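A, B, C, D and E are the chain letters, set down in written order, and residue numbers restart from 1 in every chain.
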Amino acid sequence: MTSVQPRVAEPVVESALDARRSHSPRPFSGLPRWLYVPAFFGAVFIVLPIVAMAIRMDWSRIGEVITSTSSLDALVLSLKTSCAAMIVCVVLGVPMAMVLAREHFWGQEVIRSLVLLPLVLPPVVGGIALLYTFGRHGLLAPVMNLFGLNIAFSTAAVVLSQSFVAMPFLVVSLEGTLRTVGQRYEVVAATLGARPSTVLRTVTLPLVMPGLASAAVLSFARALGEFGATLTFAGSLQGVTRTMPLEINLQNTSGDPDAAIGLSLVLVALAVIVTVVTATISERGQR
Amino acid sequence: MSLSVHAVVAQRHFEAALDMDEGERVAVLGHNGAGKSTLLSILAGTLRPDSGRAVLNDELLFDLDAGRRRWRPPHERGIALLAQDALLFPHLSVRDNVAFGPRVGGASSRQAAQRAQRWLDEVGVAEFADRRPHELSGGQAQRVALARALAAEPKLLLLDEPMAALDVSVAPILRRVLRRVLENRSAIIVTHDLLDAVLLAQRIIVLQDGRVAESGPTEQVLQHPKTRFTARIAGLNLVRGSYRSGCVVHSADLWIEGNHQAAAELVESAPAAAVFSPSAVTIAVEDVHSSARNRIAVTIAELEPTGQMVRVRADDHHGHHLSADVTMRSVAELDLYPGRTVIYSVKAASVSIYPV
Amino acid sequence: ASSAPPRTLTVFAAASMTSTFKELGKTFEQQNPGVSVTFNFAGSQALAQQITNGAQADVFASANQTNMKTVTDANLASGPAKVYATNVLEIVVPKGNPAGIASFQDLAKPDLKLVICAASVPCGAATQNVEKATGVTLKPVSEEQAVTDVLTKVRSGQADAGLVYKTDVISAGDQVQGVPFPESSKAVNTNYIVALKDAPQGELAGEFVDLVLGDAGQQVLKKAGFGQPATASAAASASKSS
Amino acid sequence: MTSVQPRVAEPVVESALDARRSHSPRPFSGLPRWLYVPAFFGAVFIVLPIVAMAIRMDWSRIGEVITSTSSLDALVLSLKTSCAAMIVCVVLGVPMAMVLAREHFWGQEVIRSLVLLPLVLPPVVGGIALLYTFGRHGLLAPVMNLFGLNIAFSTAAVVLSQSFVAMPFLVVSLEGTLRTVGQRYEVVAATLGARPSTVLRTVTLPLVMPGLASAAVLSFARALGEFGATLTFAGSLQGVTRTMPLEINLQNTSGDPDAAIGLSLVLVALAVIVTVVTATISERGQR
Amino acid sequence: MSLSVHAVVAQRHFEAALDMDEGERVAVLGHNGAGKSTLLSILAGTLRPDSGRAVLNDELLFDLDAGRRRWRPPHERGIALLAQDALLFPHLSVRDNVAFGPRVGGASSRQAAQRAQRWLDEVGVAEFADRRPHELSGGQAQRVALARALAAEPKLLLLDEPMAALDVSVAPILRRVLRRVLENRSAIIVTHDLLDAVLLAQRIIVLQDGRVAESGPTEQVLQHPKTRFTARIAGLNLVRGSYRSGCVVHSADLWIEGNHQAAAELVESAPAAAVFSPSAVTIAVEDVHSSARNRIAVTIAELEPTGQMVRVRADDHHGHHLSADVTMRSVAELDLYPGRTVIYSVKAASVSIYPV
């Protein structure tokens, strides 16, 4: 901004972002510059608390905190159950997203709102609802007893809780991708003689794969953070149902906030890494 | 009768019917929004009309008349669709794109690759077999899409403005490929270009506001247009005969010399047709020697003013109605009137010759 | 060292028992080689709800009578529940007692950020009893859902004072200070324990209950600030600042 | 499906959805029919717990439950704070969404992941993080004391908690809309001489209004359901900080599950109504 | 010099320069992907090149050469862009769309509405002022978009294939409107249609692979094409003169009668031009009386075989190079050779006349 040599009559405006030169030509953004002020504060509002937590952490204890048996149990359990929940979400959520994106039926908006409910429901309420459905005296208890199933307060219950809260993330995000990709390739495949299942396998899924991957990761990340529903429906038993968030809460309320922060930061790091990596991969896939 | 369809799509004000013979090629013309793509969607099975019935080669495609609800899904119809965009599957190589139809039709992967190769050769893009679709130009991609559609061995091929998105310089190549591969194949071609209609199809239907405004053999529709739309786009002169060294010979005293892009396609003595525009016709009252190689004696049947110009319709005594567009002044100076015999002269450069 | 297959004893215990029961669990594991003890620490009400909804547990230790009654009424206990400890309230303040709280009456100071338990949870009920007994009306800034939430808010310095169980003050160590007050004896909380009927490890469950009720157990509980079952009122008056 | 009269040689396939006839022509969906099976189970998995909860409810008590002082206080507080949080989300989130959608800068993916963090963070951890930032001894305490601000245990703290967890919903959803709408109209407006602020006001905002409305509603709904962060950061005092989810949890843990279910159903109904109404409005707006 | 630009966009292999006078209209031709839209984006300010410099009427648009980073944002350039899609703001009425430019330029809402009205009248869509954009046809929408661009009173108007998305039947109306409103206005018109280039612009530049392959006055480029691309699309014959009752009169012995769509635009004695295609020219060795109203004596300069045909280039002794396409046979039979004087005859129906 210092070496500007006015060579013609009128002054020219200099963009706030000029300092940075990128190799590919910069397209039009057209944002008013004052907009960066609230955007900046918004970002600070979200990011600062996480920074504050990191600052507050007693980093000398991080190793000990992370490697304690209970922490490791919680971490392993969380990873296992979140993966399982992700699979449940993919198996049930992909079909739901497809039906919502491709079909047009009466009451579709209501169904979509209902499927989105866990997004806005307090997780504790979700846990209660699951209990009333899959619990010992729940709605499905007669059926489940028939098969000798008792899943409340087992690891399976953790997976169910996580799937319940994470499902809408996958459905919403994948439905968006499906709508963006559109049906044109599917139509072509069908007129070439491909049966719907074949179209799904050879055309639709490969095309939405980047979107599906990031939707799955989003559901994984949400499952990783699930707390309220798990506590209510699955309880908190070390190695069985006490996932990271429950462990964090326990550490926090039982007098070791440092440990809680340490574990929280582990969770944050996991979530950021997973989402950034997927975003990068899927972005690259789209090129 | 090989294809018979009638269908109603109330929401789009579409209500049209079409019959076509085995191996016949029909061109569909019409304004934007006339319902051309709607017709193709209904046939391909990607749009379900409110009512109607369609039968292709004795197989029912759908029957939605009078409360019936019989419906054959797209993949069981054997009808392939080639649209303005090539829509090659971006995650597959060119070869795998073309092999897609054979594969899903049950061919082994070797058979499918062989068939893909054959069709890639046929449309002249074999050299790109290992490329990804995004590495092709528009014209190449469109040819691969054509190969893909043909490799699926459809009973009926639908083409929705296959050349609309192409560069002016690329379109002629595809047109030539299409001419060759559509031979003896049932096809419906939506186009805005009358030349495509003439070169690629034997029959024309004109859609207007979702209804068939006109329908019939290409020549008949072009020479006796019933609607204003057809009249404006039509008006081409057409003479059929057999090919003989650069000319279409109709009879000993009617032969038309012309100009054709790919001489290889024209075979001596094979049937051929010559097409030229009325504005390319010069009228003379006496026969003179000029570079206008075609001189046809005709009797004026009718003079129709069209704005500034006058369209002269005349009879060539060989069953052709040939038109010429001339100025008012010419009509006055040359003293043209119905019944007078004059000479139509047309430069060979203005005449397209193609095999039929 | 044992050839017996490894066994796991599952104990559902009130959150206030976290440190004591963890210690007792270790003792139990030493006494019974091949046995491991896992705990589910949570609010007694949550635990009772989990048990009645089918959670697999061997032992249930409740922080109050109401929640124990939920379980025994559901006919899920192997026998009558036993009192194993009592607990009294204590004022908890951040390290250094910045607001200078010395008595229960001080909690009514204006502008004091006081947090207590909501009236509908056990420690809140006890708080209400003390309020009635002393005639002091408290103006809390928050009525928390669990005693641990009160402690957390005081420990982090958000609140100037809180009312929690004496045992919570002790287990929180030097991060907080306790201010005992005599009126606490007006609201003594009783803890019940029972082995559950459908316990997968019924035998071990009984042994664990015995351990808690026995000398070794009572020793640990006393050290943590709990009152002895038989001499509850004496224990309450004997409480000291930590 | 009963009156099929075979008139020609080959059999024809009948779609599973044939029974329903709609007026507008049915476009191609091309979904394999088996896909409806997992989609159905997915929908059941999400919807059944809510139904179970409704069945379990002692409906004779619903009036009493809803109209108790504490319930009404919680409901009013929840509505007020959720509205406030929605406004905070709009004011800070819209600029963030615009910058993320329209600008291209280094580290954008990381920023986006960070902004999305509250989506996947256990709300309790979010509450802790907020405490360490805006709390009495938090990172910003010196600044806040300077202005005599003390938000701990106040309704403002509730709004902050809710904004923190709801922000990503607004940002993600609006960013999607912005990308869908594209920049073409903005470019045209700029070449007609409109300054960026003018473009924003007269073109961008009107164009994304349906999407913005539904994004705002989504953030409102998420704020409505916020539990963990509020509990940790704001406390729980009737009429001041005890929102519906806290009231529900309290009722549930203090032995009146019926009341908890009743209030949960009120929350569910609110969320469904608000999202369905907005979806319908915005869908109509797009036509 | 009114506009001077050079710019490099490495990623798109774009590296081109252009100079243009005040009030001049330049047509940009080129293949798909040649960089035509890229050039316009750079000028409009919606794409920032890697380096380059542009000055419009002494105002710097950008200067990114040698490490400088001066950049004027789009809204301060006074350059309006009209693309293939009309892109009318869907939330505003037609009138408010057109009033948009004046409004953001600071006009009061009454002034803006007046100016909108004037331009709506000008392009002939005033009757739709109260409609919403989605209630317009493609051609109407495109005319409204043109009115909107003009109402902003740009110093330079960029048109990116403004007629490409339009129906064949609608394009001529817009072309006529454009001819009228672009008069004396600086404009750059990207087009695939040579007729647009001839009718709307005085200069042509041809882009190829991001580089300027050819540039110059329309006639010169068309008559002496340097690249194959230009040669293929060019080859139109052009004669300038003054208009006199249906003819373009160049001099007493060179006048060309033709055919024009809107007679109202042509004023007696005003400058005009006649355009016709080489394939419309008939060559005769003696002058004969026929309906071909234009007969021009020329001297053959060159014979160039182009595939089947031969392009005859000739000099009309009035400074025009006129081409004719004839068959090989004609060349032989008529005995055409450079230096021979022959008669070019062209039907008035094949000649377009337009004011210049």
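As a working rule, contacts are C-beta pairs under 8 Å (C-beta built on N, C-alpha and C of every residue); 3 or more make two chains touch, one makes a residue touch a chain.
The structure presented is a predicted model; accordingly, all values stated were derived computationally and were not measured.
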item: Shortest contact path, chain B to chain C, counted in steps; value: 2
item: Least hop count linking chain A to chain C through chains in contact; value: 1
item: Identity of the chain that, by mean CA position, is farthest from chain E; value: C
item: Distance between chain centroids, defined by C-alpha means - chain A, chain E (Å); value: 54
item: Length of the line joining the C-alpha centres of chain C and chain E, rounded to whole Å; value: 89
item: Centre distance in Å when chain B and chain E are each reduced to the mean of their C-alpha atoms; value: 30
item: Contacts with two or more other chains, residues of chain C listed in rising order; value: 46, 49, 146, 149, 152, 156
item: Residue list for chain E, restricted to those that touch at least two other chains; value: 45-46, 73-74, 76
item: Shared interface positions of chain A, touching two or more other chains; value: 26-28, 30, 138, 187, 190, 195-196, 199, 252, 257
item: Pairs of chains satisfying the touch condition; value: A-B, A-C, A-D, A-E, B-D, B-E, C-D, D-E
item: Contact footprint of chain B on chain D as seen in their complex; value: 1, 3-5, 7-10, 12-15, 18, 23-28, 30
item: Contact set on chain A toward chain C in their complex; value: 131, 135-138, 150, 152-154, 231-232, 235-240, 250, 252-255, 257
item: Chain E-touching residues of chain D, taken from the complex the two chains share; value: 184-185, 187-196, 198-199, 202-203, 206-207
item: Chain E residues within the chain B interface of the complex; value: 31-32, 138, 167-169, 192, 229, 232-233, 246, 257, 259-260, 263, 278-286, 288-293, 308-309, 324-327, 329-330, 334, 345, 347-350
item: Of chain D, residues touching chain A in the complex; value: 17, 20, 22, 26-39, 41-43, 45-53, 55-56, 91-96, 98-99, 102-106, 109-126, 128-130, 132-134, 138-140, 163-164, 167-169, 171, 176, 180, 183, 186-187, 190, 195-197, 199-200, 218, 221-222, 224-228, 244-245, 248-249, 252, 257, 260-261, 264, 267-268, 271-272, 275-276, 279-280, 283
